[in-house]
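Both complexes below contain chain A, partnered by chain B and then by chain C.
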Partner chain A sequence: MRKFWCAFFVFSPIVAIIYSIISSMVPSLGWWFPGASVTELGQRIDNLFYLILYIITAVFIGTQVAMGYVLWRASRSKDERSWFSHGSHSLEVIWSVVPSVILLFLALYQMDVWALFRVQAYFPKEAREAPVAEVTARQFEWRIRYPAPGKKLQLKPQSDDLYDVNDLHVPINRPVMIQLRSEDVQHSFFLPHLRVKQDAVPGQIIPIWFKAERQGIFDLTCAELCGWGHYKMRAQLTAEREAEYEAYLKKLQADQNYDGHATPSAVAKKDE
Partner chain B sequence: MSAVGVAHEHGHEQEHAHGAHGHHQQSFMQKYVFSTDHKMIGMQFLFTTLLMLMVGGALALGVRWQLAFPWTNMPIFGPLFANAGGQISPEFYTMLFTMHATVMIFLVVIPVLAGAFGNFLIPLMIGADDMAFPVLNMLSYWFMIPAIACFGMSFVYGGAAAGWTSYPLLSELRVAAPSSGPAQTYWLLGVTFVGVSSMMGSVNYMTTIINMRAPGMTLFRMPLTIWGMFITAILQAFALPVLTAAGFMLLFDRFAFGGWLEGIHTVFFTPAGIVVNNAAPTVGGGQPLLWQHLFWFYSHPAVYIMLLPAMGMTSDMLACMCRKPIFGYKPMVYSMSAIAGLGFIVWGHHMFTSGMNPALGMTFMVSTVMIALPSAVKVFNWIGTIWGGRLQFNTVTLHCIAFVSMFIVGGLSGIFMAAVPVDIYIHDTYIIVAHFHYVVFGTTMFGVFGAIQFWFPKMFGRKMNESVGKWHFLLTYIGFNGAFFPMHMLGIAGFPRRYADPYIHPYLEHLLPLNQFITISAMIMGFAQFLLLGNFVISIFNGQKAGRNPWNANGLEWSAPSPPGHGNFDIPPVCYRGPYEYSNPNRADQDFWMQTDPNRGPKKPAEVVAHGHT
Partner chain C sequence: MSARVWRLLVMVLASALAGCSEDASQMRFAQNANIAKPVHRKARAVVEKTLEEHFGTPLDSVAWLKLPVNYGKAEGKVKSVDGRSLTVDFTQETSDLQSLNSPELNHAGLLFTSGANQGKSFLLAGYDASDKSFELLTTLESTPAEGDQFVVAGQNLRHGRKLYARHCQHCHGINGDGDGPTAKYLNPRPRDYRLGIFKFTSTNKDTKVSRDDLKRILSQGIPGTYMPAFVPMLKDNELTMVIEYVRWLAMRGELEVQLLKDLKNDYAADRAKKEAQETKASTSDIEKQIAKQLEEYVANPTEGLSAFVENVTGDMVSAWESAEMTDTVIMPPVPRVPDTPESRERGKSLFVKTDGGKCINCHGPTGRGNGFQTEDFQKNDATGGFYAKRGLHDSWGEPIKPRDLTRGIYRGGRRPIDIYRRISQGIKGTPMPPVAATVTPEQIWDLVNYVLSVPFDSASPKPAKSNSVAGQPSEQGNAN
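After this line comes the complex of A and B, so read on.
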């Protein structure tokens, strides 16, 4: 039985490691990140994730091997008595100082990315000066308000603002800032493919920025419990080229100005 | 030492009193129901929490059923509960995970550690004949009953459905969660009652440990279990008032009185102009983030309240099972204290994405990352304890090893959450769920299962069945890891928590089979608990009889009869040495040396001077 239990406690971390390796190496399983990050900042977040992952994997293997070894030794002990020891001062010092240095390094090493992501003074200037849209979360949808083409987003809604629901369009290859609000309870703006997440807090306007570097339609979901329909807040982020983005805004404007008489495209012409 | 002197006198007084007590028969009510005996109260807590463990587990299986087989009829419970023809509706699902967490945290993990084992072990291990305040102790159990009743009422009204964190405004404005109405109010009252119960326990434990230790039981001769309980009691005393206050603030925010009471309707957490469900805009000037700060100021220390006693108990069990002194007793004590101290300044790591000042994110990150240090020291010391020991693989040992092994996983995965930029992505995904289940179930509950086996002979005078215990361990361990390890991968894939149907999102569709695997593992784990319950109940009546000290352990509790009578010790204990003198070479005839053993060993003092006073 002793052999069985020793093997059991050695075997289970091995299974865990094999399973993790398979998950990270076989993307077709979908048990890892949903693709490489669409933003550069997201890639840096992923790199920090991998840095932590490598360190903790080393610690995990180290501690589990040590544990397996002492277990095997202790279960096969032929000595009449255990080793009488109350501990070792030098070992305590070593295993307090070494991890604390590693941990402190890890904490300080994260600061840059956090500052870039969240501290407004570090936001790219062009994004900070002209937010592209205001996203208002409500039970259970995302309402999006764009300024009219050529205008700047104002704090209060303007008569020529453009509206859409559950489909946020942004241009690629330039940093964009979004004003995030909540109309009712707390929500969280989560773009898994961009590694962006920010809670929408009632009563607050929270700016977020990102720079999509790839065209595509990405999932936008809610990551903070907001009621029974929390799971239903399914929306999308459409990242597209500048020209397509402008065309989209134009079409939105045309549809919004449609008075029921002229054909929508004619209205669009008139506006130009 | 004055404390010891006082304890001594007090002990004598009590002993006389008990001499007189012993003769008159206690009624059934006095003995088993409204008992002031710490052992009976501990067992009352233990029975209650084991029952609640099954309730909480059933709720979890409901959650798992929906995630594995969405919108299909739930077996067994389907006809009982659900309002949609046996299906789990999204409202019901929200209630399920809210109440699962509530029951498990407030009615299982916290009371099983502090309530059951704290009560049972503290007086026995420090050599007191009861708690300092026996009536207060009884009340601390009986305040759990209204708490359970309130949570029960919450079920009747459809169940609180704002998550166990109950963030306003969802938990505050009735229109925001129409199904939760009075349920949320009852939930808050229930939490308040649990708080009162914990606070009574906390005051009692601190007083008892400070004032009622047996002669010779200095602070650094206390078993680590007692250190764990002591630090936990301090944590509760400092953290709980904040939650209670926050709970009342939320209650007053929720109340809409009429007449002269109208002024009581407060707006602590309500900002102005919030329109929920097309209701009239709110009037206010409050701040919802305030609740998060207050809530986590309690609930993060609460995580350590749910962990430290189990760490202490495992240290005691592991030393006994390895027949070896604990490796680094004082570092163990200091690291528990460090965890408790740092535990008060890390609450903000639950709020990295909440929109609080980003500078706070940085400070909280540093403190949170640093709390991994004392945890690491503890793990190294546990491994050091096994190192060079003579191990017997009984059920207790298995649970202890699982405890350390699972704590390594849970502790390491916590570093991802502590690092703010990484937390941006993984916050509120399943990697968080994996992490805290590894800590709260994998670590604490394995510790508790081990502790049940270990102290069962002291509670009932009989041993639990070993082979059933091993099967229970094996199935729980396999089921647990099968259920929770893959959740790390779900989290990395961006799978959010608390989704009634995640598969409507294109990037999550392919994760259904993995979730089905998790659910099957969770079922194995859940049903394995019937083995524990069966073993527990049957062993009370049919277990192998155990003497005073079936494990050849050192603690004071093992010098009392099994089970100890009213007043605990037939001989007032005196403590002569630390609790971990296993395999001491100065004791040639046996490999343990009880704390109460007056035999001071051979007169060659080298070893004694070196180790006797640790």
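After this line comes the complex of A and C, so read on.
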């Protein structure tokens, strides 16, 4: 009967260990996850996650094995008595110091990634100086404002600004910064393939930068429950070559100056 | 086990199963005070029956082939017949035939256009894409010959209904009356399709909205309102389905409103009471008489209900069809006048002239949407009296504000051509009038140039920081 109970209670740690091993392998197997990051910084963020995942997997397996061992040993002999560790000074030192060292290591190890990702002073200079677009979240869409080709994005809308909705175009292979705003409630600007996620807060302009290294169309979704139509905020990020990006802006400009008679470039110049 | 435990168990089971099946949904019918309420309830029952016959319910919708709605059509020829199953060849098919497989196939009907069954339509039970065969719901009286032609319709409606239910219904309502569950929290209110009027169109002032206009609204959204953009969430074919469903709902609503308006004359809600007073006859006798008259009206083939429906739909069909013609789309005859300070100045002087564009009356001297009309009592064309609230009203009877042009938010689009069209043809369903008759195209372009410059015009006074919205506009407006 002892053996039965031992097996009974060891069953769940075994399942948990198998589960944790599988889940630590999941990203590399490509299950469910959006695949390798499109940005280098995203790859470094992934690495941080994996590091933490490996540490906790190791700790988890260790504790489960220890628990299974205790059960198994206790089931073997009736005579062996358990001993109580309560009040053991050295044990307390060990289980306080070891996690603290791990936490301290993690806190220091991630600092440069965090600074690069969030602290504006560490953003790449070229991105910081010329934001490519202003993205305004509102219930339930993303409104995008680009400066006219060759101009800088201003805080206030300009007469030659270009507008689009739910489709953010950026050039690849250079760091770009966007200004994130919200018109109504809190939203969250989420680019899963680029590992970028930032809350949009009403009344604030929050800069975000990333450097797409692959062209493609990626999901842009809202990651903060913002109302009943939250699911409707499904937009896309189009990362494209510099020439295509410029052509897109040109087309947007031509579209926006359309008067039914074409020759949009001529119209564009009149505003100067 | 005690009754309480049982009840708990049943509740847990019920909540586990909730949402598994689609509830039968019913089309709503007009309830408004001004359209439906003055009509006798028996006459309203007639209207409801007529609509149900021609449009069905949301889950069992009818593809009324008379309407200019693209129901998702496939045309073909019969190859062979085996009992109720028809093997066919398609001459023209939609990309979405696969969806005919769905077991909840509604009134997707198969209509023979030649042969022994010409003109007869049959409901479908299913479609097998592998060998291109249709299963009919009923048996055929006369066997179609090989080569008989047919049309199948209805897929767009069925899928459009699903998409509409998921994305649109909570604001625009199950029958497109703009009164879904979330509608009451919104300002401006969601569009009520049933008048068949849509505000932001490229067509001229007398023409309805075109499919392209609806598509533009769906893909761009309407800034300044709660209407979001639905692209890229909805794919191109899904947009088509939603648009066709919305047009279908609008036509259903139009027919409903027209029928109610017509029946109001003879079958007013208070008719029995009035006549009883006048003739001293008993109310129940008059009620019986009304019922009898209605029966005759429904039965009369030449001057009755069917003739009226025929008439109304005839007009409706041509109105919706003409919106798709290129000659109803407004294209400026001259290119945009160069956007120079002089042009803006000319536009501005037109804007403020009370015998010119008259823009100032509503939009105010600086374009802030605070003209004197916003403080006046306005005439209600529907009742002949005045609105109870001061300010402008739209065709739906809701208060409406002239656009504040300093904000740079353009609901119907910010392209010069969009603004040209709105100035030239007005905005349907609103007090914004067309000016094309009194102002030249060049002058309209001057106005466009001025209007587009207003948000950036440092000379025009900016709104004060205070919240006194009510106080300040009237003074400026009345001064003119």
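Keep in mind that, in the parts below, the second predicted complex is superposed on the first by the 221 of 272 C-alpha atoms of A that agree within 3 Å, B and C clash if a C-alpha of one lies under 4 Å from a C-alpha of the other, contacts with A are read in each partner's own complex, and residues count from 1 in each chain.
One rule holds for everything that comes next: a residue touches a chain if its C-beta (ideal position, glycine included) is under 8 Å from a C-beta of that chain, and two chains touch if they have at least 3 such contacts.
Quick caveat: nothing in here was measured; it's all calculated off a predicted structure.
S.K.: Considering only touches as defined above, state whether A:V165 meets chain B (first), chain C (second), both or neither.
M.R.: second
S.K.: Scan A:E126 for contacts with chain B and chain C and give back first, second, both or neither.
M.R.: Neither partner.
S.K.: Give one of first, second, both or neither to describe whether A:E141 is in contact with chain B, with chain C, with both, or with none.
M.R.: In the superposition, A:E141 contacts chain C only.
S.K.: Tell me which partner A:P34 touches in the superposition: chain B (first), chain C (second), both or neither.
M.R.: The answer is first: A:P34 touches chain B but not chain C.
S.K.: For A:K232, using the defined touch cut-off, is the partner it touches chain B, chain C, both, or neither? Pick first, second, both or neither.
M.R.: Both partners, chain B and chain C.
S.K.: Return first, second, both or neither, reflecting whether A:E242 touches chain B, chain C, both chains, or no partner chain.
M.R.: Neither chain B nor chain C is touched by A:E242.
S.K.: For the three-chain arrangement built by superposition, which of chain B and chain C touches the greater number of chain A residues?
M.R.: Ranking chain B and chain C by residues of chain A touched puts B first.
S.K.: If you stack the two complexes on chain A, which partner ends up touching A:H261: first (chain B), second (chain C), both, or neither?
M.R.: second
S.K.: Which partner does A:P157 reach: the first (chain B), the second (chain C), both, or neither?
M.R.: second
S.K.: With the touch criterion stated at the top, can you tell me which chain A residues are shared between the chain B interface and the chain C interface?
M.R.: 139, 228-229, 232, 234
S.K.: Given the complex with chain C, which residues does chain A contribute to the contact?
M.R.: My answer: residues 138-141, 143, 157-159, 163, 165-167, 228-229, 232-236, 255-261, 263, 267, 270-271.
S.K.: Along chain C, where are the residues that touch chain A in the complex?
M.R.: 167, 170, 182, 220-221, 223, 226, 228-233, 331-332, 334-336, 338-340, 408, 414-417, 420, 445, 452-453, 455-456
S.K.: Hey, which residues of chain B end up touching chain A in the complex?
M.R.: 89-91, 94, 161-163, 167-170, 173, 176-177, 179, 271-277, 286-289, 322-329, 331, 353-355, 358-359, 361-362, 365-366, 369-370, 372-373, 376-377, 379-381, 383-384, 386-391, 393, 398, 401, 404-405, 408-409, 412-413, 415-416, 418-422, 424-425, 427-429, 477, 481, 485-486, 488-490, 492-494, 496-502, 504-507, 510-511, 514, 580, 582-585, 591, 611, 614
S.K.: Provide the residue numbers of chain A that touch chain B in the complex, in ascending order.
M.R.: Residues of chain A touching chain B: 1-2, 5, 9, 12-13, 16, 19-20, 23, 30-34, 42, 44-45, 48-49, 52, 55-56, 59-60, 63-64, 66-67, 70-71, 73-75, 77, 79, 81-88, 91-92, 95-96, 99-100, 103-104, 106-108, 110-111, 113-115, 117-119, 139, 183-186, 188, 190, 192-193, 195-199, 201-204, 206, 219, 221-232, 234.
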